[in-house]
Amino acid sequence: MDFTILILVLPLVSFLILGLCGMKMPHKAAGIIGTLSLATVTLLSYITAALYFGAGRTAEGIFATITPYNYCWLPLNGTLSIDMGIMLDPISVMMLIVISTVSLMVHIYSMGYMKGERGFQRYYAFLSLFTFSMLGLVVATNIFQMYVFWELVGVSSYLLIGFYYTKPEAIAASKKAFIVTRFADLFFLIGILLYGYYAETFSFTPPEALLVAAGGVIPVALGLMFVGGAGKSAMFPLHIWLPDAMEGPTPVSALIHAATMVVAGVYLVARMFGLFIGYAPEVLHIIAYVGLFTALYAAVVACAQTDIKRVLAFSTISQIAFMMVALGVCTSSDPHSGGLGYMASMFHLFTHAMFKGLLFLGAGAIIHAVHSNEKSQMGGLRRYMPVTHITFLIACLAIAGIPPFSGFFSKDEILAACYSFSPMMGAFMSLIAALTAFYMFRLYYLIFWGKSHYEEQLALYKAGATAHEPHKPHEAPLTMTLPLVILAAISVVAGFIPFGEFVSSNGEPYTIHLDYTVAATSIALAVGAIILATIMYKSGESRLTTAINSRMGAFIQAAYHRFYMDEIWLFVTKKIIFNCISRPIAWFDRNVIDATMDLLATATQKLGNILRPMQSGNIQSYSVWFLGGALIIILTLIFFA
Amino acid sequence: MNILNLFVVIPLMMLAALWLSRGTRQIRTVMVTGSTLLLALSVYLTVDFIAQRNAGVTAAQLYTDSWCWYPSLNISYSIGVDGISVAMILLSSIIVFTGTFASWNVRPHTKDFFLWYVLLSLGVYGFFISTDMFAMFMFYETALIPMYLLIGVWGSGKKEYSAMKLTLMLMGGSAFLLMGILGIYYGSGATTMNIHEIAAKGNIPVGLQYIFFPMTFVGFGVLGALFPFHTWSPDGHASAPTSVSMLHAGVLMKLGGYGCFRIAMYLMPQAANDLAWIFIILTTISVVYGALSAISQTDLKYINAYSSVSHCGLVLFALLMMTRTSCTGAILQMLSHGLMTALFFALIGMIYGRTHTRDIRQMQGLMKIMPFLAVGYVIAGLANLGLPGFSGFVAEMTIFVGSFMADGTFHRTVTIIACTSIVITAVYILRVVGKILYGEPVNEEHKKLTDATWDERFTVICLIICVAGLGIAPMWVSNLINNGVSDIITTLKP
Amino acid sequence: MIVPAEFYLILATILFFIGVFGFFTRRNLISLLVSTELMLNAVDINFAVFNAYSHPEQLEGFFFTMFGIGIAAAETAVAIAIIINVFRNAKSIHIKNLRNLKH
Amino acid sequence: MELLSTNILIFAALALFMATAAFAAVTTSRMMRAVTYLLFVLFGTAGIYFMLHYTFLGAVQIIVYAGGIVVLFIFAALLIGKGTIDVTHTSKMRYFAGLLTSVSGMLITLYLIVTGGFSTDKFTADGVPMKVVGTALMGTDKHNYVLTFEVLSILLLACMVGAIMIARKK
């Protein structure tokens, strides 16, 4: 599998070419270079997957972990070193496919979406950098390599969110995203340090004896690593950066903030799954509860948002929380008893990447058409944008969990895992799944059905009420619709992939079988939610909607403001850290420490001023002092010598 | 002839040539030739040193030579380098080289500026090649004095005040240092000033070590921006001209860490072990406090100066942890911080030269006006906040992993505290980047400004290549300094 | 009866310190010079007395006194020249007015 | 009583006269008077030299000091302010500081002289013959002073030139 190095090298080369001499290239050339390199990477990833899974299982019945490259990059001491390499195992191969597929779609899509934008070459350079980092992250051979690429992913996300660097919101959002995730990464780093110290290695398979000897430290280390993962994967309360990150170009949101980077935290927990199960099952349960709360919170908030990308962002948070919950409810590594969640989580990661990517790209097409993110500017678009409409509908059905779309299968596995953990957990998760269906269809109806904003404006224009003719929404160009169609196709069929055959918690094959009670419940709930959404939103705001709005106004307002989490964070950072810590420290430095130093200087000067009159140039006073001094010396000599 | 002598001889010849030269053109020719020679020489030295090490030469010091200056006090001009010094010499050469280009258009009194500049670098080189305490001290002072004039004459803002403050505080430090050196000399029996001979004897009484270790450490620590003796740094850096800031933050502050390691800790291991905790607390404060102070500054140079306090604090912090990994990390951090901060100061100088303000509230949207400088600034910022692929990450990670290896809960706790600085660093770097580079340009005056000229581009690109090079391939540094560090660590932790 | 040497010394001491007192307290350049002469005289007396009482076989004190007188003459001449010049420039010989040399 | 021999009586009178004149010289407020009192002191000093039988020295004292230097003083005093310029003292503070230091200095010195114990046994009333003085001044042996003499003469010359240069009108 020596060629796998190309998977990493190609995006990097493309980044360097575009980054260094992109400015001198025509837009088209830059786009083609980026897309071609990515297409090659995608092809290589598929070949890798084919070869890897095609090679068959070992005697133990698992897919062997292959490490074609592993070099010592930086030796730290006798036992520890930071290695760089490529490791292939079922989940990393699966991630390769997810990342390269979505990334390729986004590359193609961006050719249309970003056409004519200032900094087009830069955009492709950053995309390549991101793809490189994300691929490096998933094939990491050890936790430190993962951390290295983790940081790189963070910075590419920063650069891409801040792509429109003249927009104040984008600047603020990029800063926020980087700092919040960096804050979480601090815990990740501390976790790594603890882990490395006690396990004496950064690899994923440490010697068991050392871990047992370390005792209670390993759960702490793993918990800290999870905090890092929570930062990237936007778990409550570190989720605040993700909705703001929607200020970036929409394809970027699709790639980074829906399909790939944000699931890095899930991937991290999955990567360390063996350790979690073996040494820190209680931490896994904490993860489950954090995930549950996040899923619920995000789903509720999503119901009240008006910006379509924000709705999708909260939906993403909620869905990632689903994956986290699925990992958290695992109680053993046997998929047949308690370990189902692992497979479910990975499966959901896979399907979610496809349909959420599709949703974002669809949203991008819509935004491209109406030049706004606000739902009030939309409505009735199904007539103008048929392809987008159909693909968006497919994605909505997938995320709502309607068979035979892919989301149904993966979500069903998660729910099954939750029910087997505890019925309470399962019930909550079913409820959230229903909420998901509700807010997705609310979004769907608000965009594609109801009164057309364009027609209203046109009517106004014709009546002479507005001065300029409204812009007519139009279907996106082929470069944009093609990825939509491809992703939609994948979303339709992905559910039938025998995912358990490839990925499971202990590596052994697992045949997915539906738990019909769970499936029936969730379908019923989803359909119910969709019907409710249809009643409420199909033709604009119905009576029911108004009634609900007036009854629960305060709650909806709170949800619209995301339960004021941003304000709390802003208070903590702005008021407490900036005004109550940094300012006083800076003041302290200038006025206490520096002043002390200055005081030494001024004291010397004052003393000099006191002594200066003695140096008057007046011979008489000199001689008085001289004689006085001489007398003192003489007296000393007389009486002490 | 010993190759190391060239590091003193070439600057001396440059001084003579500068003195004789007339007109900017000749001065530039002398400077470029000289600094290029020095750079080539130090690259050669590095390569040759690594080659010798790989060939199995294990002597602690290579290229040693000694010439007695003043027999009655056993002062001699002894030279010799180990890996740490080689690394530092390489760093100095890079900074001197790029600094020359960064001060391409310095005015007025171009000739005098470069005379002092070369004298300063002479002191720096002399310090790193010496193995005699007194010679080191002498070169150290040689490096300090020109700083006063360079800031006082060619600086900006409150330059006289800053120059005076900087010089006085560093001189205060060197007073302690001199006492420390004399203490070491007499404590070890007054037979030699050579560091390695004293270390080999290891006979300084513990009582004396307790007195003279803090003196020496603080003496060098002032230069290494040890809390609470760091306050010269913000004012000094803010007022210094670009290339002086580069050389000062990039190299001169490293003299502090180097001296702490080479003289204070190496010669007085017992006291270093027993008293480390005090200084670990101080350096931890430096690390976090410097970073926190940087958040609310509004002057670009102040931000960077406080950032230097934080990063240099990390150097001393890692040295005091006294594990091999952490000390390797400290050396890496010296290199890395030297390069990064030089890059930063160079860029700030270039931006200031155009906008005539360093107040971040008065600048906006520079990315559109001067894309090259702005991109350079972003890269410098990312390197500073420890992005993988740049030197800062390598250094910080080595330090954190190494410090974590040190025994004791105390060490681990302070390591975790020090780790928080990476988040705080991100905050102040991104704050500045967001404020001055992004957004739409608002100031009409600024819209007319031009992007970097060729000499500025050259400076910036050189430094970025160095920073990235060190960050992508850090292995060779470990190879280079391994022996040097383990010598000292073996003395410290037998 | 010979006058004891101490008597002379006491007299010289008294004269010397009267001169010192004058030097410390007078404000007029000429008065200062007068005080200086008093001190010089006292010292001259001492030289002569020590010579006469301790080493009469050699004449070192004797000649020291003589040369002292000579040098006093020279010194006075120069000093008075300076005082006159100062007076001509500053219109005063009060030392409180003579501060221009300081700056 | 032997203590009150003629010599001692003469010395006492001389000493009293000199001390009084000296004190008057530094306290009088008229410049001419100060110079006159100084003249008295100088004459007294010559008397002291005569008592020591250093007659040549006494003569030099009268000729050079009393005759030469005092004339210079008088000229200066007259040139500057017709002798009317007052010679008042400095500030009270400095007056007392000066008084304190001089008195304490005097007391310490007197204490040392009184407790020191000088031998007076070598004193002879022979005086110094002129021939000895002359040969010693012009001789080149040990304890001869021709070099000093010549140096002094050059000094005097230099002073003369210097004084003229300084006092000359521009």
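Order of writing sets the labels: A, B, C and D. Residues in every chain begin at 1.
Keep in mind that, in the parts below, a residue touches a chain if its C-beta (ideal position, glycine included) is under 8 Å from a C-beta of that chain, and two chains touch if they have at least 3 such contacts.
Treat the numbers as computed from the prediction; the structure is a model and nothing was measured.
Between chain A and chain D, the least number of touching-chain steps is 1.
The largest tally of C-beta contacts between two chains is found for C-D. Centroids of chain C and chain D (each the mean of its C-alpha atoms) stand 7 Å apart.
We define each chain's centre as the mean of its Cα atoms; on that basis chain B and chain C are separated by 64 Å.
Chain B and chain D have Cα centroids lying 70 Å from one another.
In terms of their C-alpha centroids, the spacing between chain A and chain C amounts to 97 Å. Those residues of chain A in touch with two or more other chains are numbered 620, 624, 627. Residue positions 20, 23-25 of chain C are each in touch with at least two other chains. Taken residue by residue, chain B touches two or more other chains at no position, since every residue touches fewer. Pairs of chains meeting the touch criterion: A-B, A-C, A-D, C-D.
Per the touch definition, chain C reaches chain D in the complex via residues 1-11, 13-28, 30-31, 33-35, 37-38, 41, 44-45, 48-49, 52-56, 58-60, 62-63, 65-67, 69-78, 80-85, 87-88, 93, 96.
Within the complex formed with chain A, the chain B residues making contact are 164-165, 168-169, 227-232, 234-235, 289, 292-293, 295-297, 323-325, 365, 367-368, 382, 385-389, 393-394, 397-398, 400-402, 404-405, 412, 415-416, 419-420, 422-423, 426-427, 430-431, 434, 437-440, 474-475, 478. On chain A, the positions that touch chain D within their shared complex are 620-621, 624, 627-628, 631, 634-635, 638.
Per the touch definition, chain C reaches chain A in the complex via residues 20, 23-25, 32, 95, 99, 101-102. Those residues of chain D lying in contact with chain A across their complex are 90, 94, 97-98, 101-102, 104-105, 108, 112.
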